Amino acid sequence: MTRIRRVTAALLVAGVLGVAAPAAASALTTITISGATASYPLVTLLAAKYNKVHPHKVKFRITQGGAQIGINDVAAGRVSIGDVSRDPLSTDPAGLVFYPVARYGICVITNKANPVTSLTTAQAIAIFTGKTRSWAGIPGASQTGTIDLVSRTSVAGVLTNFQTILLEGKKVSSLAAEEPSEGLMRQQVENDPAAIGFVSNYQSDKNTVHAVGLNGTACNRATVTNGSYTGTARFYEVTKGKATGAASAFIGWIEKSAAAKKIISTQWVPIS
Amino acid sequence: MLERLRAPWSDRRAELTLGAVSLLVGVAVVAMIAFVAVQAWPTLRHNGLSFFGSGGDLKEQFETMQNAGPHPPASAYHFRAWPLIWGTLIVTAPAVLLGIVVAVLSSIFIVELAPVRLRRVVIPVVRLLASVPSVIYGLVGILVVVPFVLEHVISDSDKVALQDTVLLNGTGVGVTIVILTIMITPIMIALICEALLAVPNSWREGAIALGCNPVRAMLAVTVRAARPAIVAAAVLATARALGEAIMVSMVGGATNFAPRISDGLTFFLEPFRSVAAAIVDYHEGIGAPALKSALYTLALLLLFSAFVLSVGGYLIKLPMRKYQVRG
Amino acid sequence: MSTYAPYRRGSRDPLRGARGRRSSPGEWRWSDRLALAAAWGTGLLLCVIAGAIVIYMAFRGVQYLRPAMLVEHTNPSISQAESGGFLDPIEGTALLTLIGLAFVFPLAVCTALWVVEYGRPNWLARIVESAIEIVAGTPDIVLAVFGLALFQLPFMSVFSLKAQGGGVFGRSFIAAGAMLSLIALPPLFAATRDGLLSVPSHMREAAYALGKTKIATIRSVLLPSVRSNIAAGVTLGVSRIIGDTAIIVVLVDSLRVESGSGGPVLSLFKGTGPTLTSYVYDNSPAGEGGAPQKAYAAAFVLMLLVLGLNLLVSRFGRSSADETGLTAAGAVV
């Protein structure tokens, strides 16, 4: 055979194999997940463990994008499950079912050089809405200059929860820098001794920033678990309509199995 | 059929095939522009030209758009993008101007003045720098440059003076200009070096034979002949600077504030947000129709400025035709 | 003009330079001296800054990179010590580069050839050139969002995945590769076009005089002589592909969690996975900021990959030019 005919034949065979084999490999169902960046670490761990416990049953494809993207994707049927880090809103599409899978605390954070022990709700509101501009009046603060507010972009689930739960519905001042991710928020507070911000306890437990208590209760995994810390929110897995098939098996495993509970308890708090 | 393909093609068939491929590229781009324009139409309809003006708190406008739900009322589309546009202008223009100067001088250095061994090292390094992802520049910026600026450049009195208007925390215009220049210069250097090397050596040697010194010959002959390529490189670099989103989002300060030149040198320490960074920061909310439309309008703005750049570059290169290195 | 220095008693022997008398900078006009100083200064500044960046990245990379990381798969895990290496991201980057290059190479070269050699009707050629420059100016996030909207259309499900809910997942290597090829198109197109424009017309005329058709001239005369330009353009294009963050994060970055190995060829293209760039992004503060050390290590590997690629392409470009004896400037080497 001439060379070009041989090459063409080889490509055809490869193509046929490429098309035929997925038909065999797709005996595995694929669960596609997208959504919040805050719950991404948790969901990837749960997916890995699920695969170890029930091998060869499902394939996972997990992407991020943000809680809002998760909701839109699952409402449009583009993914099987959406990760969401905030409570359902009235503007969410109809027909979505929210399954809570874990609890997390929202901690106010300051730089390590400025270890404020605790803030009352009134003080937190005054600081974050921009009424109090200087550290000088805050008990426990070792800084004396201007308060540098750090916040999140308005699409962030953590911001919605922070304003609703910790600020009693008041909005963060427009002076604040709007970081697009928790990592950047934490980095900014690490860099700046006069900064104050808020993150989920998963980030503040890494101990690179100082977690400020709320109304006298410290903010860490223990206080969130025993319920003494009030600024808690929930991670949800969202499906369109009630979960069916492989997605239902996965969510059921998260809610009920001991292995899943153990994983959640490492950095977050199980719903119990 | 394979024999027919392997036989010599006629010019007509070649022209049609190549033309079809080019048409495909053109059609794809036009389709993209049409798509963006269609998505952007609601915001343009509700705001008109005052979209480019200023007024109101941009943060609140974003929040209103996002919370408006699937069927937003007309008032939800209210949007004044001037702080974003201003932010983009004040970092892009200085970065590009600085970049052009540095790139041309460095290219002259690399092509003409540098010792051969240094040249063999520098050219691959420049190409390497052109491919460093923007997230790494942002990473180095936020881990190294921003703390440095915060500790050593910003004084407490600066912060207090502005404390009711904006917060100075190290991120801002100055850092962004510096890093943006460093980002766009390697591409320009690579392209300008190629252009300088493409000018026939005989032209420059002729000038030297007539008594010019090497630097003057370089400037008067080679650089002049490479002017179209320098313009093209500048256009490319400006386009890259306009579209740089992730790095600016990380080190620009992420506030919807329009830095004021009247603040003097503090201007360079004030945070801001550029149009591209706004698209990245808010793209999560693209499900809300009002926000989607606003973001696509910003994207349309960037596409339009790229178009203006392209036309401008073409117009600038027109009188330079006679220097084209052909024949 | 004082570039002609008269012989002075006791000055240096004017025949000292082997190539005849050259004026020293001391005798030039001040503006030339300024230009010389500026060029030297900028050049050295460039070397210093470029060196600083490369050395800093190398230092951080060597500090955090362990050879085991190059061959371990990524494992989701709480502690950084167990979370494995970045074999998957490396495979992802390699795959994406191949796909992007496969898309962009024919597109860019054919378009450049058409615009320079044919270009009829004139208005169409101008539109195509402007279209490519507009793509050059588009922010990558706009292309990413457009790409996601495009590949989530129902009939595009062949390029990615149909999810349980009936919608199209929209994210895959092919999708990201297609969008990345748009990013790489302007540099490759510009480099090829400039190369073709700088081929002197007497070479084409000689070929026509010998009876070659236009397409044969292109194939046997023009393309070999612009191989070095194409190589340079490919280098720039590939570097833009590898360095692009937004498109990858939106269109392909995901974790594959599955027991057993990945599937054969076609499902690999339709699948998703991490790449080195999205790995750096996810581990940097812009992602969830878990491990800047891993980000630095991955960035270092990325730089090494790009360096290797550049060396490969420049060798290919240079050796071909030497072979045919033609350079882009038309001089016979």
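All chains are identified by letter, namely A, B and C, in their written order; residue positions are counted from 1 within each chain.
The definition used in the following text is that a contact is a pair of C-beta atoms (placed from the backbone, for glycine too) under 8 Å apart; a residue touches a chain by one contact, two chains touch by 3 or more.
Treat the numbers as computed from the prediction; the structure is a model and nothing was measured.
Of the two interfaces, A-C and B-C, the higher number of touching C-beta pairs belongs to B-C.
Ranking every chain by how far its Cα centroid lies from the centroid of subunit B, the top place goes to A.
Subunit B has its Cα centroid 32 Å from the Cα centroid of subunit A. Separating the centre of subunit A from that of subunit C, both taken as means of CA atoms, is a distance of 35 Å. Rounded to a whole number, the gap between the C-alpha centres of subunit B and subunit C is 17 angstrom. Within subunit C, contacts with two or more other chains are made by residues 250, 284-286.
Within subunit B, residues 142-143, 249-250, 280, 286 each touch two or more of the remaining chains.
The multi-chain contact residues of subunit A, meaning those touching 2 or more other chains, are 65, 180, 184, 187. Residue ranges on subunit B touching subunit A, taken from their complex, read 2, 6, 57, 59-60, 62-63, 66-70, 142-143, 146-147, 150, 156, 159-160, 163-167, 169-171, 249-250, 253-256, 271, 280-282, 284-288.
Across the complex, subunit C meets subunit A through its residues 75-78, 152, 161, 163-171, 249-250, 253-260, 263-267, 271-272, 282, 284-290.
Against subunit C, the residues of subunit B that register as touching in their complex are 8-11, 14-15, 17-19, 21-26, 28-30, 32-33, 35-36, 101-102, 105-106, 108-110, 112-114, 118, 122, 124-136, 138-140, 142-143, 182, 185-187, 189-191, 194-195, 197-202, 211-216, 219, 229, 232, 235-236, 238-240, 242-246, 249-250, 276, 279-280, 283, 286, 295, 299, 302-303, 305-307, 309-311, 313-314, 324-327. Here subunit C touches subunit B in the complex through residues 1, 3-4, 22-23, 25, 28-29, 32, 35-36, 38-47, 49-51, 53-54, 56-57, 106-107, 110-111, 113-115, 117-118, 120, 124-143, 145-146, 149-150, 182, 185-187, 190-191, 194-195, 197-202, 213-216, 218, 229, 232, 235-236, 238-240, 242-246, 250, 277, 280-281, 284-286, 292, 295-296, 299, 302-303, 306-307, 310-311, 314, 328-331, going by the rule given at the top.
Within the complex, the subunit A residues that touch subunit C are 14-15, 17-19, 21-22, 25, 28-32, 37-38, 40-41, 44-45, 47-48, 51-52, 55-56, 58-65, 73-74, 76-80, 180-184, 186-187, 203, 240, 244-247, 266-267.
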